[in-house]
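Have a look at these structures, which come just after this line.
In the two assemblies presented below, subunit A is common to both, partnered first by subunit B and then by subunit C.
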Partner chain A sequence: MISVENLKHSYKKNSTFAVNDISFDVKEGEIFGFLGPSGAGKSTTQGILTGLLQLQHGKVEVAGSDVKKFKNKMYNKIGMSFEQSNVYSKLSAKENLDFYAKLFDVKTRSSMELLELVGLGDKAKIRAGEFSKGMKHRLTFARSLLNNPSLWFLDEPTTGLDPAIAADIKKIIRTENQRGVTVFLTTHNMQIADQLCDRVAFIVDGQIKLIDSPKNLKLQYGEKLVEVEYQTNDGSKKEIFSTIEAADKKRLIEVIDSSQIVTMHTKEATLEDIFIKVTGRGLS
Partner chain B sequence: MVNMLKMWKKVFVVFFRDIKSNSRDFISIYILAVPIIFAVLVNLLVPSLNETSVSLAVVDGENPDQQSYFEAFAKVKPVPDVEGVEQIVRRRDDVIGVVHGDEGYYLLRQGDEPQFLVDYAALVLSLFQKNIDIESAKVSFHSFGNNLVPIKKFLVNMSLLLFSVLGGMLIGLNIVEEKVDNTVSAINLSPISRIAFIFGKSIIGVILPVYGTVAMVLIAGIPGVNLGQLLIMAVALSFISIIVGFLQGLKSTDVMEVAGSIKLLFLPLGLSIAGLEFLSQKWQWLLYWSPWYWAYKANALVLDAQDAWGQVLMSAGIVLAITIVIFAAAAPKIRRGLE
Partner chain C sequence: MKFFYSYIKEMQLAAKSFYFYIELGMAVVLLIIVLFVVPKNFSKTQKQFLFIDLPAPMVQMMVAGMSSSPDLQAEDVVLKSKGQKLSVKLFQGKGKKLYLAESREDLISLAESQRQPGVVVSLADGQLVYDYYMQGYESQKVVNLIKAAHAQGGGFMDLKQAVAPQIEVKSLETEGVILSDRENLVPVFLFLNGCIMGMFIIASYIFLDKGEGIIKAYAITASHIWVYLASKIAVLQTTTLFTSLLLVIPVFGLKVNYLMLILILLASSLFISLIGLIVASFYQNILKAFGILFGLIILFMLPALAYMIPSWDPLWIRYLPTYPMVESFKEIVVRGDMLYVGLASLGYLGASILLFVFANFRYRKTLAV
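Let's look at the complex of A and B:
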């Protein structure tokens, strides 16, 4: 569904690349997570894939079309839920959806059905300007489903939502995926990626460090980590060590020899742990 | 053909969304109401100026032949005596008295009547005194080329130019709304082409001056005017305001900034009007760059109900040529701003 080869992008059009020579594929029907901290190049990549940013270097195909030759009618197949809500404040929730529905050339879903789906059914006639941040986010999310997209871009779909609503959103994503929708999920929330994604790519400093399924990553890194809490002169400190990497093993022995251990236990690696381990960077 | 129909359907979807949004915003409602407010104000501020016939006050029965002769050319107001004539002349209305003195009849005027009214009254009096009747004169006495009194013509013409600027202001406000709500990115990821989106946003910039022109002609009451000629000028002039509206909307971050920056257009607009009214003919070329100069000039002729087709078409052509130059300079900025 998506094919990216040697993609590079520079905002200053010089040798400073926000995205530097990345390649990956997204298969039809999968949920692909694009994970990384702020400024890693996630939004730039997504911008190029959706045609919002011009392709500078590399080859990118989305839904069978070269992004360089993107036609407007391509957007009949694509849905996009933005991280920043972008709805018309002076229009009601229903009017917002009805307006966008009229821009599509394909059969669209009922605006009321979508509002009900995201829990805004009873707010249909209220102007979006009066909505909370979370409600606007849900409205933006609902809008991205109007055209029954076959490729669905989701940028931080659960940001700012309370856990119950976030769970509903995740359920909707799963349901749509089961209907055959390919999902490109951009997030720095490893939990949602862990729960939803078939495969994930870790991107840091414009480069992809790893692409694999969360299951494989856990098989590779899980049960092989030891979390140690020990006393130092500055108080207690927590560290995670791999039991198979030589440098980590050496360091673990040093800690055991030189410090007073408070707690020590093996743990299953979360995607976040793996991300930190693989990239050497946190997600915030 | 089908694609064109689809495109125009989307153009109007964008237009009607803007109208719906405008109807929920006080400043936009006010701008939309301005043409009607101005037309009503012109009527209120310039009383009794719809008619351009000359009113003559005479002493009733003093000279029945003369009174009857005057009635063929002017509105005659008979009063009982000379004091009555003086009283009626002193009123605010432009009435000229015809009074018999020691050396025959003379014209009694308040002093602030338009010169063409005085000239007309003098001419009618002279014609009577020389025994020239309508048949033998073979001359039509309608007006001196002034269909409207100068102040009304000035206010109407200025308002017509102002409506085009207001159209641009409304576009600017609608663009700022898209920016504040961050909706341009969502539009860019929908199957509407950029050109259709721009057309949709632009329609109000044409509709407002067109509706303003019609409202002004109908409400202010302008006799014998060629509405088609005024509309040609309104449409020709609207394109510049549309471009400026887009530029200011994309540059501004809030409503007040748009209103403030669009107001800058009033300066060249005012200069153009002042220049045309007060500059001598040999200096008029200084204003040839201004589209408002050409529009004002053409409208002035149209409002006088004169044969203005030549001037209207030439002015519209010049305005469009200036628009093309401005568009060539502004198009890249507009394209970048909508990305």
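Let's look at the complex of A and C:
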């Protein structure tokens, strides 16, 4: 669905690259997670893939066409939810969607249905300018589904949303994906990525450090951990031990031998742990 | 179809934005000024300074002749000029004051301090010679006007002799039009309302959209950026047309050529809105663009200024792209050279094609900004 080779992008057209020589493929029907800390170059990459930013260097093919020769008809197949919500604040939620629907040549989804989907059904007639940040974000998200895209770009779709709504959004993404929609998901929320993505790319400072499925990554990098809560003289104490590292194993045996165990769980390394381990960088 | 929907939506947005009401409000204010404040007719008295450098008997004869004329009242007055007190003879007629100076030096001093043209009449080789002392910034038109006015005024000067053969003389009378202040002002108002406001307003619309990130969202639809730009322009043309007609119809009724008026309004607002669009494409918000917008507005307004101040009309003004707009409105409201208006419109349309291509290029290039 997407193929990127040696993509570079410099906003100032000099030698500081926001995206510095990245290559990857996104297969049809998968949810591809693009993960990295702020300023890593995620939105820049997405901008180039959607034709918003002009390709400077490298080869990029999206849905079978070279982005350099993007025809407007292409956008009938593409949906994009922006990082910063961008809707007409002077138009109501429904007017916003209805207007955008007219800009496509394909059959579009009903605006009311989409508003219901993102929990804005009862706000259809309210001007977007009066919406909260999260509501605007949901409206922008809903708009990206208008044309039933087969390739769906999502830039931070759950950022700034309360957990219940974020869970709804997650569900929508999964449902769309099950209908065959390819998803390019940009986020720095590792939990979302872990739960949704078939594969993830770790991007730091404009470079991709690794691409793999979360499951593989955990097998490969994720040591099994044991979290033990045990009784000491001054109350209970929690400690995490690796089941692989020798020192940890020894200490674990000591604890089991000498203390009264309250709880003991095995714990898998999270995607975030792995990200830090691979890139040497945190996510925020 | 997408253009139509975009246009309708842009109209809706414009109607909800306060810039639209600025434009409408300004048109109404201008209309009120024209209808209720500006007098319908010119009543400004013209001042002229004259020195007759002829043998004393001839001068006395002329003065006596003028003094006995029933439409001229003669009196001796003292005028202050550059700290000096100069005594002159004043002949006052209908809408005209003629000052007769006592020497060439007095005349030059008076012409300078009063910022009015002065004329010296002398005799050489048995022929009357007219020396005009101008301020140095009058347009040829003004020069001609003065000569013509002299010719018709006193009756003691011969136009044919007064005018150098290479200079074409036009007088208001021969063109069959006498300007009223209203007719004078409306072309300028049309220009200010449509063109100057237009550039500012379309840039404001773009900055509103930039602020909301709307252009990006538009760019990833199956519509074209040029449709977006065209719909913005169409909105501006609509409001310009509406407010301009609001100004013209109550003042002139059916007396102007509306077909040509609409043509030049559409062509000039197309041109000016493209300039606004292009300027806006280089800036992130209106504050950053304000300097250049302001500069352009001043520059583009100069032709109107030159029109309002007849004595200030430097040649280079004619090369400003807004010069033909002012002239065209003048032709439509006052003089009636429709060929000029047609050509000016064609010129604006032609230039607009190039500007549109460039604007489209600029906006496609800066979608993500």
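Everything below uses one rule, namely that the second predicted complex is superposed on the first by the 240 of 284 C-alpha atoms of A that agree within 3 Å, B and C clash if a C-alpha of one lies under 4 Å from a C-alpha of the other, contacts with A are read in each partner's own complex, and residues count from 1 in each chain.
We adopt the following convention: a contact is a pair of C-beta atoms (placed from the backbone, for glycine too) under 8 Å apart; a residue touches a chain by one contact, two chains touch by 3 or more.
As the structure is a computational prediction, the values presented were derived from the model and not from experiment.
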Combined model on subunit A where subunit B meets subunit C, clash or fit: clash
Which superposed partner A:Phe24 touches (first subunit B, second subunit C, both, neither): neither
First (subunit B), second (subunit C), both or neither touched by A:Phe70: neither
First, second, both or neither for A:Tyr230, with subunit B first and subunit C second: neither
On subunit A, the residue positions that both subunit B and subunit C contact, one per complex: 50-52, 72-76, 78, 80, 82, 84-91, 99-100, 102-105, 140, 143
Contact footprint of subunit B on subunit A as seen in their complex: 50-52, 72-76, 78, 80, 82, 84-91, 95, 99-100, 102-105, 127, 140, 143
Residues of subunit A defined as touching subunit C within the complex: 47, 50-54, 72-76, 78, 80, 82, 84-91, 99-100, 102-106, 140, 143, 147
Subunit B to subunit A touching residues, read off their complex: 6, 9-10, 13, 17, 20-21, 24-25, 177, 180-183, 185-193, 339
Subunit A contact footprint on subunit C (complex, rising order): 1-2, 5-6, 9, 12-13, 16-17, 212-214, 216-224, 365, 367-368
